[in-house]
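Order of writing sets the chain letters: A, B, C and D. Residues in each chain are counted from 1.
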Amino acid sequence: MHFKTSKFTFYTALFTAAALVVLFILLPLLRLITLPSWALLLKALSDKNTIVSIANSLIYSFLTAIIALFLGVPLAFLMAKGLFGRFEKLIETVIDLPLAVPHTVAGIALLFVIGRRGVIGAFFYNHFGIKFTGTGAAIITAMLFVSMPYLVDSARDGFKDVSAEFEKASFILGASEFATFWNIFIPLSKKHIESGFLLTWARAISEFGAVVILAYYPITAPVEIYDAFTQYNLSVSISVAAVLLLICLTIFLLLRMVINRDARP
Amino acid sequence: MHFKTSKFTFYTALFTAAALVVLFILLPLLRLITLPSWALLLKALSDKNTIVSIANSLIYSFLTAIIALFLGVPLAFLMAKGLFGRFEKLIETVIDLPLAVPHTVAGIALLFVIGRRGVIGAFFYNHFGIKFTGTGAAIITAMLFVSMPYLVDSARDGFKDVSAEFEKASFILGASEFATFWNIFIPLSKKHIESGFLLTWARAISEFGAVVILAYYPITAPVEIYDAFTQYNLSVSISVAAVLLLICLTIFLLLRMVINRDARP
Amino acid sequence: MRVLELQSVSVTRGSFSLKEINFFVNKGEILTVLGENGSGKTTLLNTIAGFIKPDSGSILINGRDIVHLPPSERGVGYVFQTLALFPHMNVAANILYGTRFHKISNVKDRLGKISSLLRISHIMDRYINTLSGGEKQKVALARTLILQPEVLLMDEPTAALSPREKSRIIDELKTVFKRLSQTVVFVTHNVSEAYRIGGRIGVMENGRILQIGNSDEIVYHPVSHSVASIFGEVNKFKVRVESCNSGMCSAELGNGMVFFLGDFKVCEKILLFIRPEDILLKTVSTKTSARNNFSGIVKDISFAGPLVRVVVESGQTFIVLISKQSFEELAIKKRKPVFLSFKLTAVHAVKLTE
Amino acid sequence: MRVLELQSVSVTRGSFSLKEINFFVNKGEILTVLGENGSGKTTLLNTIAGFIKPDSGSILINGRDIVHLPPSERGVGYVFQTLALFPHMNVAANILYGTRFHKISNVKDRLGKISSLLRISHIMDRYINTLSGGEKQKVALARTLILQPEVLLMDEPTAALSPREKSRIIDELKTVFKRLSQTVVFVTHNVSEAYRIGGRIGVMENGRILQIGNSDEIVYHPVSHSVASIFGEVNKFKVRVESCNSGMCSAELGNGMVFFLGDFKVCEKILLFIRPEDILLKTVSTKTSARNNFSGIVKDISFAGPLVRVVVESGQTFIVLISKQSFEELAIKKRKPVFLSFKLTAVHAVKLTE
């Protein structure tokens, strides 16, 4: 196709679209941060429920990120080294599945595994009387399911970036597989593992859909926001939302710093 | 550090962790797909509410992706060409903000913009009696806010990959800025724009947290899953979840195909 | 007739700059710009094409200053180093791309002519990634030539070709340009390629054009050490002129006197260049017609492909290149005495500019 | 004493393979493996190091077959083309890395000795990305040598160095290896580098070692056209032996007879190689001591750096390299008649293997 559009018209159109998008994103967030007065914020934050919900979110999401680290880094390493052979593409697809699953769907799916009538949940309930739903374990399960892929993908990219000659050099100098993993791969992928950890943590804090189905209580911040909203208690909703937003933005900026940091320790 | 761990022990540990992760992801999803019997599924799907919720999800998310396309591609192009100058890092950060914002927070933030008491919502309500919350417009707003970054990021990467010499060649052969954008940049970034579109669409379909705050009704599939769950109507919940999962997996596979496809048209 | 002329063009790009570039290219002429990577060749082409705005100076095409025109309106063709063929279009669409933006009535005629001239009519439907290096080269050329540019800029266009294709393509290019009387500025870092293209050569270094002339002028009358050393390692001596009579000069050098042609003041400090391959090496001091004769000791011997590089200490250090055959016949060894001789005309004298 | 020996080692890597590799390296010897990129040099080193398992054959170190040992237990050192220095450790940590995995009592002693031998004691605390190319090279060497490997493998270790550093480092390497009596397999694609290292050269092509010998043997007695052409373009003629008497043979070639040394049957088909720089070119037919004399017509002239390449048609096509000086003195032009002469020993005769 061939249009005779002047340079000015073309760029005016582009910048207009761009300005709309930037406004659309910034306006609500700025409004939310400036909305609650200090008095309102302090009052809401002196409420025990509010504090508990934010504390719950921070603690469970951090535990989730730690678990993801210990389970995800080995998996990422195996994927990066191509050790799944012809199953590689398949494993890759499976790992990324949670990114494609709507969170309420994930919640329902997990319910039928760890719920009282779920495959694993039923076993624990019938033999030990242990119920998962409505506990911190359920929250962590929900968070882990939706946030794990971020850590695996990031760590895998990091391991893949490590030149094969570093590994060979380590081997020929006498190091074992584990020594090479620990002394070469882990430090050289530090940046990727750290950003994967932060991404997973941020994703876990934010989770609502899966958590609300598996565990309305112990209440987490996103659930508290919704809970207060349904009870027309908008001032609590706003206050928790503003605090949660600031926490998430902090993690987000931390992540940017890690990514932009020089690779050398 | 230096451990004398045998190769066998090392890889056994790694593969065990990997197997746990793969199982953890696959088990719930397979269980969900195999859980509802055909009879149950058909019964649930003959229910008008169920069908409407899935149709709503498909329609609104598709419209969202289209809007994201028209607003996001120009923005992505300006970013790729570095036309924001010293504001580039800032714009980049702003565009990615919605990825860091918990969805219920996004819902509350948007409520105070387009809600009856929000900056823009109040204007429309007071002057024209138009209410956004509880309408398709509110659903699209919520979906757009959380899914837009995927399109922008993907398109931007695509545009950045286009060699500067293609652009120069187009200019020196007489093409205008717009003709170059249309004939060179768009076709050469097709793969990235397509996958951005699919990612945005999938993300929009899945959205629950922001939508449930801005518009419980017209009901969308993720809300219907939650709604039925709270009314102890688990069979509806499962059926809608299974259908939604299949839809999302289809888009996800489509996306993989686009990404793995040869670049040449 | 001067089709392209640059007058005192200066350009700044970060820490790099082009300084006061002056040259012209006549109708139908090929000017080769020869310089190392980083010397500013591509910046020069980008400035002529309009992708870079000069700080000062004029760029004239057929006498008209085009400095303020955008690239699309300069009447300039550009074959990029990467060729920049559009991978999503077939060969015909690539060649015709530019014609969409120009009022050309006989597009089909032109396409037919240019593709038969370049012998690519049979690949019109193929996509770029199915072409050989030589074919791509020709398609990029056709895409530019179909617009009949006043000046064609070529940026190391043979960089991606195999050595065998390279020399073939250069010859074909010359034929095509002659046929079309195409005015060309051809940029390369390859000395033999510059030779092969023929025509004038502009030697570029560090953002300056040091010298423009045909290859003989540049090889035998380099204006500076930089120009001289473009054609390989060179002997460079700083000397003080002893005498100068009707163009024949002499100076003290090492353990002897050196004679050379020039017009210098007595006692003036000058630079002398002598190409290592212009020095004859012998083991006995026979009489030769060469005016310059030195004796010395072999300090070092190393192999450089089919040649042997011999370092001779003779008060000054001389580098001499001889063939392997001579090397063997003369049985040259380290610490052996040898004799050097070279002609008057092998010495290139240049005023020292400090 | 043979420190390293390969016996009929064959390796398959996808479509590429190493075929029946046989060679040995004595204690303290440097064997240079010379070959183009893709000839299998790196595959060969990887096989010796244990990163690639051979399909068949034995690799002996001090007489013991190590084919079934992992890389870490072979007693082999490896300096990679990229050097593979760990960027997250400083120089000392890099050099000491391997000592953590070996029982070495006097680690500090060894570190002191090796770093003073290589003159890098002053950079122990620096990080890798602050080092120059030459310093990196030495650190990589120190990291390997501190483990006192039986055999040191070096894969184009000067690839990343500037030309100036290159020749300096090669000389330093030779000195260090001599001092330590280090057994080395050194891989390169650079002919002059192979010359400079000295010692035996193994010529590799397409997964085979074509010939092993010192540089003279390889230049003057190449076993095949491939080996001969490693040192540049070469004249190759397929001829039928006319006569052979006590080592002196003759055959019909172009418009004359060629004489050469060898021991062939009459009427046998053989290949003759003559280096272009070994042929003398004259414009008058004077008598020379050279046994072979041909007359012909100049077909083509081209410039190749300081040399001129002249193609002469004489029933057969000869390529001749002469210096620019000779070129001018002889005033050689296209279509002019010229005379070629070359010595008996300039002709290398090889049995034709079909």
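One rule holds in what follows: contacts are C-beta pairs under 8 Å (C-beta built on N, C-alpha and C of every residue); 3 or more make two chains touch, one makes a residue touch a chain.
All of these numbers come straight from a predicted model, not from anything done at the bench.
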| item | value |
| --- | --- |
| Chain A and chain C: spacing of chain centres that average the CA atoms, whole Å | 58 |
| Separation of mean Cα positions, chain C and chain B [Å, integer] | 56 |
| Inter-chain centre distance, chain A versus chain B - centres from mean C-alpha coordinates, in Å | 15 |
| Multi-chain contact sites of chain D, meaning residues that touch two or more partners | 100-101 |
| For chain B, residues that touch 2 or more chains besides their own | 2, 176, 179, 183 |
| Pairwise touch network: line, ring, star, complete, or other | ring |
| Chain-chain contacts as defined at top | A-B, A-D, B-C, C-D |
| Chain C partner contacts - residues on chain D that touch it in the complex | 167, 191-192, 195-196, 231-232, 275-278, 280, 302-307, 321-325, 346 |
| For the chain D and chain A complex, residues of the former touching the latter | 49-51, 70-74, 76-78, 80-82, 84, 86-88, 97-98, 100-102, 127, 129, 143-144, 147 |
| Residue numbers on chain A that touch chain B, as the complex places them | 1-7, 10-11, 13-15, 17-18, 20-22, 24-29, 31-32, 35, 70-72, 74-75, 77-78, 83, 91, 93-110, 112-113, 118-119, 144-145, 148, 152, 176-179, 181-183, 202, 205-209, 212-213, 221-223, 225-226, 229, 237-238, 241, 244-245, 248-249, 251-252, 256 |
| Residue ranges of chain B in contact with chain C within the complex | 163, 165-166, 168-176, 179, 183-184, 187-188, 263-265 |
